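One chain, chain A, links the two complexes that follow: it is found with chain B in the first and with chain C in the second.
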Partner chain A sequence: MFTNYFFSSARIGIIAKHTFTQLSRMKVFYFLVAFALLIVGASFFEMPGGRIASDSAEQDLRMVKSTAMGAMSLFSVIFAIAATALLLPKDVEDRTLYTILCKPVPRIDYLLGKLLGVLALIFLSIALMDILLTGILYFRTESIISSELANAAAAGFSSEQVAYYESIIRQQGPTWDLQFGVLAIFLKAAVIASIALLVSSFSTSTLFTIAISVLVYFIGHFTADARDYWLYMMGDDFSMMSKWMSQLAVLIFPDFQLYNIIDHSIEGKNIPANVIGRLSLLTVFYCGIYSILAWFCFRKKEF
Partner chain B sequence: MLKNFIICLTILLLFGFARVPFEASLTEDMREQNILPEKVDQLTREKLGQTGAAVTLGGMRSLVASLLNLRAFVEGEKAEWQKLEDTYELVTTLQPHTIIYWDLGGWQLAYNAAANVSLNAELPEFERERQANLYIEKGDAFLRKGSKLNPDDWKLDRELARLWSNPYKKPDPRRAIKHLDDAIDSPEIIKNDRDILRRAKFRELAKQPLQARAAFDFGRELFEESAHHRTPALCATLFALQNELSLNESEQIPFAVLFSSPVTAWQHLSNYFNSQVPQKLPAAGVVNKIRQLENQLEIPRNQSMINP
Partner chain C sequence: MAKEYAVEIRNLIKEFPSPFRRKKHRAVDQVSLTIEPGEVYGLIGPNGSGKSTTMKALLGLLAPTEGECFIYGRNSLKVDSRQNIGFLPENPYFYKHLSGEETLDFYGKLCGMRGKMLRNRVAELLELVSLTDAKDRQLGGYSKGMLQRIGLAQAMIQHPKLLVLDEPTAGVDPIGSRQIRDLILQLKQQGITVFLCSHLLEQVQDVCDKVGIIFQGKMIRDGRLDELISMKGQKELIMSGVSDELLERIEKMIADDPQAKLLQAGSPRTTLERLFLSEVEKATD
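Let's look at the complex of A and B:
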């Protein structure tokens, strides 16, 4: 195990594990029951028909996916912000922070352990939701395909047509591209959790941490627009002040628009592996830099 | 505290400068591949309301679009056509590359709305007709907008062709053929569907008297290409076109090749006369041939399938 004065993977692992246990005890997983009910309800919901049966089938599958992915996205953001915001104040309140830090546990280990514990819980929750979604989607898709194939055979469709319509329906079912969409949800949550940790490292109030993190989350969805404004808008109509402000916004705030590939994955369209790779790399950098800044703010904080 | 703040800000700004080119490049790649959703403009945000707009930021555009689609169906049930049109504008703004929403919106406007207003007894006849035509044009405009945003997809072109070849709407063979050609030329279409659309194009050509020769040549090409194309309607239409063009025997497709037997010929030509001729398909020589076959097959007049 990599161990030195500044960094110990074993210590980080232990703190992460305890953080995970601590958060699990807050009955977070009960949310999964609500999620399961929601998605099972969505799977039984039949959209009003289009002119042909496959219209309805496509809409039904899309409804299941968009409900599930929307719930996953919402849960992961709320949990990433709220759970991370609670961690440090709770340890201060319980006095466990003093015990840990005087071990001595380097503060960077402590912060990384906390962050990894939160991320582990978010990952596990999303994974469980994803398993449920994939299972329901698989059975629903197979049921739709078998009824559509029976109709196609009765209507005398050629084998090429049958194969084509089957591929259209399967595209709306569980695919690897849908999993990439789920991964993007987790990556986004990881960045938000890192931001919440950074704010928490200098904040004295949980509510303040949550409010600032939510604000950064929303601003982050407009960073792409600010970047376009900064990089591409030219001419006298655009004041220097507004360009500088947009530049500042781009440099400080993360770009959450990049993680909005959910719609594309719900469509069943291809998401290239290099896009996911680059998003993952960007996430590592975001989490890394926010963690370092969190340590910087936390390193000499008095309790 | 201030010192810490300045250091943190400096590090953030430096990190920002490092990541901006990476993010700009990634954003451009994702936009080129239509992976990133289109920006939600101010007008759409206003129509969605604050809650809807906030939800779309969270990556739930697909869910919002699904729910709005549901709302549109309810509006259709209540015959609130203007609201339905606005709702589908919203839905397709949120999900511009989801073909089914364009398809459903176009269908609701061009078919359901147009039919509903044409039956509105509260309006005078001329107004009913005007409003019905208006909704057909709205449906057409909606589908064309979807087709333009999704140039690789052929299904919207097919729906446009269906709209303009529908005998109960405002049939316009030239518009139908234009859309059929767009669909046929799509790289995404499979052979079977392409063949169906080519036969549809043949029908639309045959409806235009001035295109009779072009229709015959195209129909002959299909006939000789594959037995798969030799549908009863195609064979009957070719027969009528041959008569209309007064082709000499060397150019004609022999009757015995068009129809496998006199009974088959009588059935197919009778069905053609009853169902296709009212839709402006050519009828030259059809009735005479049917009567000739009835005499040959000794079919009593009261069992004739036609009543010209």
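Let's look at the complex of A and C:
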């Protein structure tokens, strides 16, 4: 039996696995069917005007990516907030929390298990959507390239021009930059799930948890502006109140603008590996801080 | 060396803030009790008397405002004290998507049990609570009595030395209720300490060695059941095969004694529950 009464990865794994099963039986994977229909529909969509405009081929691919990644972002954020906000109150309501906490289970293990279970389900869902997106994007890219190259050859372009054009189209296809963008969607969802966990650790209402988490999500998109205000605004016209407010916003709220590389990947821009590496580390930091704060609120919570 | 109790509650006070009032509501007021290893203790009292609050404080789900709770000498707020506890809450729901076997497996793993040891324990407990045939059914399809029994099994999964049962037969039909009561008696024979709260006084009387009566947060009486319920100065004879002549002679003898007085004579009655159970038993044979 476990002898560690503070933190056990095995115990966290058991709770995470169970949470994953619990959530997956809530029929969340139906969303994947809707996603598949959406992305297949988007892949048949062509920009108005056929292939006359010079960048319309890339636009078609961008449209597929934009639709798919928009749906992935939406699903991951909604799911991260709703699932995390629901889990704790449901366990309290059903009194299953009593039976778990009356076993030798430290509260930090319970919280981390729940969070990891939610994240595992989001990761799997995003991975499945990513496989679908990558597959459709691959076939769509190849089909566009073959038709565009045939048009280019007929128009008498040189081989260098054709190769250049092909590389531009391929940049909009299934690239590693696209995978980095998908990873950023997951990382952003992980941060918002840990925020929802923190709020639900002291909240007594699911609705309150959802409302506050959504609010934090929106505020997080303006944290960078608050940071700039704090760091660069000087002079007499800069009131102390404004400074404190911006400092507070920067300290409390995550900076979701850093996750804008999702847009870069949709646009087919290059995303350096070290950027996604640093973003992953930042996400671990955010999740760690919010989980520790959640534990502080939850460890003495009475039921 | 100080005596080690299975449960020791010392001067427990629990107050809850009252909305819009400065004064806090005192749910439990200076409650103290001790349970020795192997005893069955029943805490009885009306709704809102502080039974569940006392129980939750013992389980570490509530922090005492004042006082302390110990389980086998360990403070109940410490996680390690819970290795010795099994808890069955009132009307437990558990996870409906799990089967009976999966439920026990989940709780066993939480306690660090693995492999063959866990599999054997799960099978043993399913047998004990008579749910072997229903082990693969999801809990969503279990009756209330079955849920209580699987709840009791999960409470016992890690071989706890103390079982805490909150209204273990609430909402269960007489047959299910009898099964649970028999289980408690079986556990008592195995030397497991049981602390239970119940409204059903007859059942408490059937299984408990000691009882405590809690009212408005205060322990108004506690002690050994035999001592508490025996009526001082009165004796009872239950006889069979007694003729009318013999009965007359006994009554005369009592009448001749200046101090003795016959209070009641007649045939003892069974309870409605016993009648129901025996009739159902006959019908199933």
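What we mean here is this: the second predicted complex is superposed on the first by the 296 of 303 C-alpha atoms of A that agree within 3 Å, B and C clash if a C-alpha of one lies under 4 Å from a C-alpha of the other, contacts with A are read in each partner's own complex, and residues count from 1 in each chain.
Here is the rule we use: a contact is a pair of C-beta atoms (placed from the backbone, for glycine too) under 8 Å apart; a residue touches a chain by one contact, two chains touch by 3 or more.
All of these numbers come straight from a predicted model, not from anything done at the bench.
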Record, for the superposition on chain A, whether partners chain B and chain C clash or fit.
fit
Included angle at chain A between vectors to chain C and chain B, based on C-alpha centres and rounded to the nearest 10 degrees:
170
Give the label of whichever partner, chain B or chain C, reaches more residues of chain A.
B
Identify the partner contact of A:S158: answer first if only chain B is touched, second if only chain C is, both if each is, neither if none is.
first
Considering only touches as defined above, state whether A:K103 meets chain B (first), chain C (second), both or neither.
second
With the two complexes superposed on chain A, say which partner A:R95 touches: chain B (first), chain C (second), both, or neither.
second
Between chain B and chain C, whom does A:K243 touch in the aligned arrangement: first, second, both, or neither?
neither
Quick check for you: in the superposed arrangement, does A:Q59 touch first (chain B), second (chain C), both or neither?
first
After the superposition on A, what does A:R170 contact: first (chain B), second (chain C), both or neither?
neither
Return first, second, both or neither, reflecting whether A:F303 touches chain B, chain C, both chains, or no partner chain.
second
Smallest separation in Å between any Cα of chain B and any Cα of chain C in the superposed model?
11
Would you please give the residues of chain A that touch chain B in one complex and also touch chain C in the other complex?
none
Going by the contact rule set out above, which residues of chain B touch chain A in the complex?
4, 7-9, 11-13, 15-17, 19-20, 22-24, 26-27, 29-30, 33-37, 39, 54, 57-63, 65-66, 69-70, 73, 95, 97-98, 100, 103-104, 107, 190-193
Contact residues on chain A for chain B in the complex?
47-48, 50-51, 55, 58-59, 62-63, 65-67, 69-70, 73-74, 77, 157-158, 160-161, 164, 185, 188, 202, 218, 221, 224-225, 227, 231, 250-252, 255, 257-264, 266-267, 269, 271-272, 275, 278-279, 282, 285, 289, 292-293, 296-297
Spell out the residues on chain A that touch chain C in their complex, using ranges where they run on.
1-3, 5-6, 8, 10-11, 14-15, 18, 21-22, 25, 94-96, 98-106, 300, 302-303
Mind listing the chain C positions that touch chain A in their complex?
56, 59-63, 78-80, 82-83, 85-95, 97, 106-107, 109-113, 151, 154-155, 158, 164
